[in-house]
Each structure stands twice: as C-alpha cells, then as structure tokens.
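These are the structures in question, set out in turn.
Common to both upcoming complexes is subunit A, partnered first by subunit B, then by subunit C.
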Partner chain A sequence: MATASTTGDARPILDQIATTDRRRRISWRLWFSATWVALVGSLLFALWITGNIQLDFIAEWSPFILQGTTTTIILSVVSMVLATILALIGAVSRLSSNPVINGAASLYVSLVRGTPLLIQIFFIFFALPQLGIVLPALPAGIIALGFNYGAYMTEIFRAGIQAVAPGQREAAEALGMPERLVMRRVVLPQAVRIVIPAIGNDFVAMIKDSALVSTIAVQELLWRARSAGTQEFRTLEALLIAALAYWVLTIIFSFFQERLERRMARGDR
Partner chain B sequence: MTDAPLPDLGARQATSTSGYESGSNLPSHIGEPIVKVEGIHKYFGQNHVLRGVDLEVRQREAVMVIGRSGSGKTTLLRCINFLEEPTVGSIEVDGVRVDADPLHARDRRHREQIRQIRMRAGMLFQDFNLFPHMSVLANCIEAPTHVLGHSVEHATKRAEYYLEVVGLAEKRDEYPARLSGGQKQRVAIARALCMEPKVLLFDEPTSALDPELIGEVLVVMEDLAHSGTTMIVVTHEMHFAQEAADRVVFMENGVIVEQGPPEQVLNDPRHEETTHFLRRFLDR
Partner chain C sequence: MQNLRRLAVLPIAMLILAACQSGTSGESGDPTAEPSASHDMESMAPSDGGGANISNLVCVGEATTYLDWLEGDLELAEADPIEEPADSDDDLLDTIMERGEIVVSTDPNYAPQSFLEPDGSFVGFDIDVATEIANRLGVDIRFETPEWDAITAGSWSERWDISVGSMTITEDRKGILSFTQPYYYTPAQVAVSERSGITSLEDLPFDLPEGAEATTLPTDANCAESIQAGRSEFDVWISSSTTVEGAIEAGSPVIAVGDPVFGEPLAVAIDKSGPPHDELLYEIDRIIGEMHEDGTLTSLSEEWFDGLDLTKVADAN
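Let's turn to the complex of A and B:
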C-alpha cells in the first residue's frame, strides 16, 4: 500500500474524522440533556409521591400566577434601562477629574452599595410619602431597582472604560478629537463590548431581584404566587410555579445573551 | 524660497536647530520651518528625560531621530503633539504656538490650542492603535467627518485616495483584526494622511512588526519622504534613515548630540557618543 502522504488522497480519512466528531458531539449533547431531564424529573416525581401536591391547584392557579411574568419582565427591562443610563453617567463621572462630579458619583455608589436593596425599596415606597412624595408601586419598584443596579453597574462600566487600551485614547486625541468625542466614538463603544458579559449577568440577577418588590405589592410573579398560595394554603405549589417561571426566563435570556456575545466577538476577530 | 540663506549658526553647531552647516545650502526641495521645538525640558517625577531640546523642521523635510532607548527621542516626539505635556519650553506647528504650561495644562484654552496642533501633526504609533470596532474606511473618515466637519462622501473619496497611496484600497471594508501588522500600520498612515496634516510624527513605526513585514511599511514611508511629506521619524532602522532622511538627529541623555545629513552623521560622525552608539548598534 502506498503511503498516502504525498500523492495519495487523504480525503476519505478526513470525512471519517468529521463523521466521528459529529457523532461524538451529538452523543455528548444527548447525555447532557438526559441528565437534566432525569434529575429534574426525579425531583418532581419525589415531590409527587409524597401525595401532597395538588395538581388541581396548579391547573387552576397557574394562569393567575403566570400573568405576573409580564410585570416581572416590564419591571426588569425598564429598571435595567434606567440602571444602564445611571451607570454610564456614573462611570464617566467616577473617572472625571472634577472633584465635585467625582465625589457625587462615588457617594452614590457607596451609599447604594452599602445599604440593603430591601431598605431602598421600602424607603422609596413607604418613607418618601412622609416627605410628600407618593409613588405608585410599580414606578417605585422600578426606581429602586434601577437606582440600585445603576450603582453596581457604575463600577462595571468604569472598569470597562479603564480596560480600553490607553493607546486608543491617544490615537484619537492625536487626530485632534476633543475629549467628549474621544469618549463617545472611541472609548465607550469598546468599553460596552468589554462589559456585555458582566451586564448580562446583572440582568439575570435583576430578573430574580425583581421579586423583592412583591413586598410593596407590585403584582409580579412572586406577589401572585404568595397571594394564591396563602389563599388556598398551597404555598408549595404556588412557589414552585413562580420559581419555574423565573428559571425559564433566565434560561431564555441567557440563550440570547450568548448569541449576542458571539455576534459582537465576530466583528472583532 | 528654497535656497534662502541660513542664519549663521556658528559656534552652536552641534546643537543648532537646523542641523545644516552655516554657509551650506539646503537641499533644494526643503521649504520654510514648519515645526519649531524650543528649549523643551521634560520631567517624569524627578526623572529629567529631556534636558533642553531645540529642533526646527522645515517643509518637505524628513528628519530621522536615532539614539538608544531611554535617550528621550520618543518623549520628544510625544511632546511635539502634547501627548506628553512638556515641563518647560514651547512648540510651534504651522504657526500654532503653545508654551509648556504644566500648571494650567487643563485649562480649556490651552487644550484647544493643543488640539489645533494635533490636527496639524499626524501621529503614528508603534502598535498602530487602529480603532478595532471600525472598518478600515471608518477609521480613516472618523476624524475628517467629526473634527474637520467634512461630509461623509467627501471624506470617503479622500480616504479611498490615501488608502490607494498606501496600497490598501481593496481593504476598505475589512476590520483591523483581519489585517497583518504591516497592513495595520499602513492603514494608520492613511488615517493620519486623511487629516492632511502639515507634518507626520512616526514613533518607531516598525518596532512591533515581524521582520518580513517591516519592508512594506518602510517603502510607503520612503515614498512619502521622497514625495515631499514633512516627517519626523523616531527609528532604529539605520538603513532606512540612510536612504530616506534629509537629516539625522542623534540624541543621548535627553539632548541632541549631533545632527546633519545622513551620510555625515551615520558614516562620519563627529561626536564620540554617536560613534559609540553606531558601533554598538551595528555590531548587534
């Protein structure tokens, strides 16, 4: 048999390698998914054989509880937009050479990160009315969440801006671009790419932390689960439904986040 | 105006700002002074990096600055467009004069003057610093549209012209990450040319390149030098300096030790430091 190296055609081997690789990948994925299904399935089965799960309650109250999903999504998305705006302003301010601007931004971050989110929510909804500022529950919740996450994200954006290579700023300045333009056109677009994974994580956390505003009677997922559960004395089922809904939401979001990250990385390489 | 008599530089010959001997005529293509560096000192903390540098560069002149690392040549270049704020001295580019004023370096008026200088002096960096989130064309029209206020069509037309000059017209829609180092530096040159600056400042433009890519950048630079682009080049490429320079400036310990036509400074240096540097350099 001739050595296939120089003149012979090695293509059949390549095809075989490709087929084997594909088969391995598919089988890996199958096992991976099967593990999930098996674990979740046995957990639910274990709950069911205790005989304490009422499927009737689930069938009857699921629609009511799941209606809260819309509120949860609105709450999370609007709060996230607010947080992003605050974080952008905060980050640029934290890097400012002006002591007043820098001081104000750093106080914001310190204060918000140094106090519990739950107190901030209560403060805006229960304490501000004492000063004559009365906000409906949903806007109060959005402001509290947005304000809180804005502080954490300020630090993320600041790190992102500082992670942009100093040469980028120099190159832009050397072209005669004024400071603001350098920031807007050169530094921020690159910083945003750097922070997208971290911001994505924060959004997942935000979806879950939005449950805290159930305490001020915003009728989102957890609030509905609690009210249905207490009313019918079926807290276990109610909480299960809500927990599943949060879980599915975060899975869906993570899926899109992964795709976004892959797409943004493509332009760079 | 090209053969106007030079002022007598007499005794200060070694550190004379023009570098040409008194009485000798300038090469005929050289024009009026366009960059004037006067009495520049630069401290980094207590470290005295530039110790009184005067340099005058004329229109269409190609000046190559050589010297060992740490001699202050890169700092000098970066002081010209105020990427480093000089501690003492003044810089003039195309009639825009800015005095070093570290105490008021952040004042609005001072910053605006610096910006005026930067618009007139294009800078090329060792590691290119193309904007990675923009295509080649977008890199080239960014400053002309946003700083000079040119329309996108106008800026695009000029960018295409300058990309042609550096031989990369077909890469206009690529992103920098898809280019080789040599191509990146050539795009950076096109980007700088798009601002139609009065002088180009090159800070070791080939030092970060693989050896086989250095040539393509030097060819472009040599073409620019021969077609009358005013440039100041900090470089370690002695052969290139020999070929393309109108004047070679040798720096050591933060001062200009010797300057003159390349054949003189590189082949027949008058100062011991220069001889020493060149011998060590060529031995390597």
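Let's turn to the complex of A and C:
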C-alpha cells in the first residue's frame, strides 16, 4: 500500500521533470539557433551597410563561382582516397620491424610534414616537368594534396593501430591466425573506429586546403572567385561567395561525420 | 535560462552597432558612397592635391615590361626575321594538326584583351585573334590559364602550344621564346588613383622611372583592384593604355595621366625549350601578316579598343 502510493505520487512528478527537461532542451536549441541567426544576420547586415555590396555582381557571377564547388569536391574526395591509401601503407610500414620499410615510411612522413604544402604543389606542377614528368593542373593538385595528407594521416593511422589493446592481437595469434590476417581482421577494423574522428577533421581541413591549388590554375572555388572578383573589381562579393561555399561544404560534411561517429561509437558500449 | 537571456544581449548589441554604422555612412547622403575605409584615406591625403604624401611606390604586374622599364632594364626588341623552314614531320605544327586542336595560354583577367564571361567562356581581343589563327590553321582551340610569369618564364612543358597574350617582344624574352611579327602595339600608360589628387605627370613628387620604386602584384589588373579596394600603399600604376581604359570603364577610381611612356610591340610567342616549331612559327607569322593585310586585325582592334586601330606601329616615344 505504502509503496503503491509512493509510485502513484512519484509518477506525475517524474513526468513533470521530464516535461521541463524537454522544454528546457527545446528552448536551449531555440536560443542556440537564434544566436547563430542573429550573429550571422548582423554580420551580413554590417557588411551590407559598410561594404558597398553590389547585388548585380552576385546575381551575375555566383553561378560561375559556385560551379567551382564541383571541382573542389572532386579534388578533396579523390585526394582523400589517395591519402587514405598512402596512409594505410605508411602506417603499416611505420610499425614494421624491417629497417628499410620503416626507414622509407619515416622519411616520407618527415619530408612531407617538414615542407610547406604550397611548395609541394608548386614542385609537382612546375618543377617535375624539368624531370620530364608533365602533369595537368588537376591531377597535379590531387597528387600534391593526397601525398601531403597521406603523411599526416600515416601518423593518425599508426596511433590508431597502436591504440588497439595488445590483448586483441595476442588472442588472435593464440588462435593461430597468421600475422597479416591478424592485422586485416582484428587490428585494422578496430583501429579504423578509433581514427574516424581524426580523419574527419583532416577531411574538413582538406576541403579548405584545396583552395591552395588555385595557384596552379585549377578552376575551383577560389580561382573562380579571384578571377571574377578581380576582373569586375568586386573582390569582397566574390570572396564572400567562395567563403560561404566552403563553409556550407564543411557544415554538411561535419553533419555526416557526426552521424558516422555516433554509429561507430556504438561498439564501445 | 537567465544566463542565456543575458547572452542574447550580444547579437542585439551587434545589430545596434551595425545600425549606428548605417547612421554615420548615411550622413554622406549617398548610399553608393565609397567604402568607409576610403574616408580615412581622403582625410589623410593633402587637401590641396599637392601629392606631398604620395609614396614613390609604383604598382606593376609581375614579369611585365613595365617592371623592366621602372628598373631601367627594358630592352624592347623586334622579332627575328622568319624564313620558310624546311619541311619536317616532327614539328609542333604537325602535332597540332594531328590533334586537331591548338592550346593557347591566356590571362583570364586582362580586359579588354582577355576576360571571363559569367558562363566561364573567354572573350576579348586576344581571344578573337587566337580563335582566328586557329580557324585559319583549320583546328579547334582550347585555352589554358597559367599565371603570367609562368608564360614569360618559358619551360611550358608542352602544357600549351602558343601564347596569344599581348606579350611584348624584349631582348630577354627572345632568349627563351620565339616571336612572330607583332599583331598590334599598345602604349604604356601611367595611371594614378583619384584619391591622390594628381592630374598630370608633373604633379608626381618623384620622377619616372628613376625616382620610383616598383611593387608587384601577380597581374596588372590587381593594381587597379588594390586601389579600388581602398589600399593605400601606392597611388601610381603603369600598364598598357588598354588595360587602364578597361579599369576606368569598369568603375575603378583611377585616371590616366600624361602621354604614353613607351610603345610596345605585342606578338605571339612559342616556347623555345619545347619541340621544334619552325614550321608553326612560320605559319602563324604568315597568318598574322595575312590578318594585317586583309583588315581583320584592324576591325578586331576597333571592335575591342573603342574604335582605335592599334595594329600600326605606335607613335609613342
């Protein structure tokens, strides 16, 4: 009787707590979004007032500039695939006990991380032809970005592999699995889950670094913005369009990355 | 919740700030007034337009003859005479004919010689001349857009076949590039920003070119862009008269001052480090001669340069 009345009394209170909780969450989100809208709105408003913004230019040239988004996405995605392949090979090599393989992978990482990405882009586009290797602008950009990010991601992958509990490997070996199979079936799948957030970060950075290849006349977002803006003497508008495009791209990507991370985290429970 | 309410003051404060800004710029009475940054610049400039505060920096495009001229080592040259070459099978001309396409380098930002349309295509005087050359060769045309200094530096690595980019023939360039006869001539023009208050070359507080110091931006039009944006490092700019006119027409706050300082012969160039190209050079030179004679170049020049015929040797200098 006593217990029944307690639960009977407690339920509405619990319900009430749940409702206030929900309300508070909704109100929090509302305020959060309102802050964004207000800040972005006032920023644009301030620009509009002080910047002598020409809507005609935006209407006429934004399609041309935004077409560069396709090139930017292709550039980033293909470079990322290349970087992932290089990083997988690099990471496994960095953990190898063979001094030649390990040395080569270490040199790759050190060399690429020790020189500016812009020099690497120029080197592949302008300097390699002197050695008889002539690459068109887009492949040159993809190789430069992929090569560069491959080195950074090598270290991420290596850390990910090392973060897999040693017991996992030992257990697999005890079952008589050959070394390669241990790596492929036991260690790497777990390592991938660990490195996903870091890789996602790198991809966001890659989208933005892809702007550097505008220097070798790849007609991506920034190149188009600079060309149109300089020619029409509307630099502010042109750069604004390109910047917004990069921003939207990273927002969209971050949204999917968050979902992927949540999915991958399920196994940790 | 209370904290959040207090936080919300922030965007509102920003809005008020922005509104205040609109109030101050509204005082000038003209909504299309210059960006506010230029107000400061105006107040700093001497009111009598004496130009005492004008810096001696002169803006020019990278790897241009204007830079050479400022630095005192411009050596204009004439194209070497071109003789009919012996027939060979490995000439660049044969490659182009086989490919059915000629690749031409162009600057996407050099109005009215070459500039972009919103659909991404190129238009302009150089573009029309290049297209006409391709037509008369009987091949299609494709444009590449490398940086200007990459074109004048040679070593094109066969990324493009020829430059139809208003390139001045100079002694230095002749070392690495082969030139056809000039297809037109432009005068080099000095321009100053409107805010400087200068109206003639005599107003400049320094002599050109001796007293000036060159500062470079990737391409000529970037100088006008920089002045337009309200940057104040320099007020003087040298480029071809056509580019200066183009910038003025586009609404850039610059004016042309004085007579042209020198005239430039502009020609089609081919990279000497590339494959043999004697036949291609001869053929293009012949086509340009033809275009001079039949009036094609004159009518293109009049179309793009406000009725001016720039295809005859410039009188300047």
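Following the convention adopted for this analysis, the second predicted complex is superposed on the first by the 257 of 269 C-alpha atoms of A that agree within 3 Å, B and C clash if a C-alpha of one lies under 4 Å from a C-alpha of the other, contacts with A are read in each partner's own complex, and residues count from 1 in each chain.
As a convention for this text, contacts are C-beta pairs under 8 Å (C-beta built on N, C-alpha and C of every residue); 3 or more make two chains touch, one makes a residue touch a chain.
Since the model is a prediction, treat every value here as computed from it, not as a measurement.
The superposed arrangement places subunit B and subunit C next to each other on subunit A without a clash. Using C-alpha centres, the superposed arrangement gives subunit A a vertex angle toward subunit B and subunit C of 150 degrees, stated as a multiple of 10. Shared-chain residue A:97: touches subunit B; no touch with subunit C. Of the two partners subunit B and subunit C, more subunit A residues are in touch with C.
Touch criterion not met for A:20: it reaches neither subunit B nor subunit C. Of the two partner chains, neither subunit B nor subunit C is touched by A:33.
In the superposition on chain A, contact of A:115 is made with neither subunit B nor subunit C. Judged by the touch definition given at the top, the superposed model places A:201 against neither subunit B nor subunit C. Of the two partner chains, subunit C is the only one touched by A:129; subunit B is not. Closest approach of subunit B to subunit C, taken over C-alpha atoms in the A-based superposition, is 38 Å. Those residues of subunit B lying in contact with subunit A across their complex are 81, 83, 106, 111, 115-116, 118-119, 121-123, 125, 127, 129-133, 142-143, 146-147, 175, 177-178, 188, 191-192, 195.
In the complex of the two chains, the subunit C residues touching subunit A come out as 1, 4, 7-8, 10-12, 14-15, 17-18, 21-22, 25, 32-36, 108-109, 111, 115-116, 118-120, 144-147, 150, 155, 157-159, 219, 221-222, 224-225, 228-229, 247, 250-252.
By the touch criterion given at the top, residues 24, 27-28, 31, 34-35, 38-39, 41-43, 45-46, 49-52, 60-61, 63-64, 67, 126, 129-130, 134, 136, 215, 217, 219, 227-233, 235-236 of subunit A touch subunit C in their complex. Against subunit B, the residues of subunit A that register as touching in their complex are 97, 165, 167-168, 170-179, 181, 185-186, 189-190, 193, 267-269.
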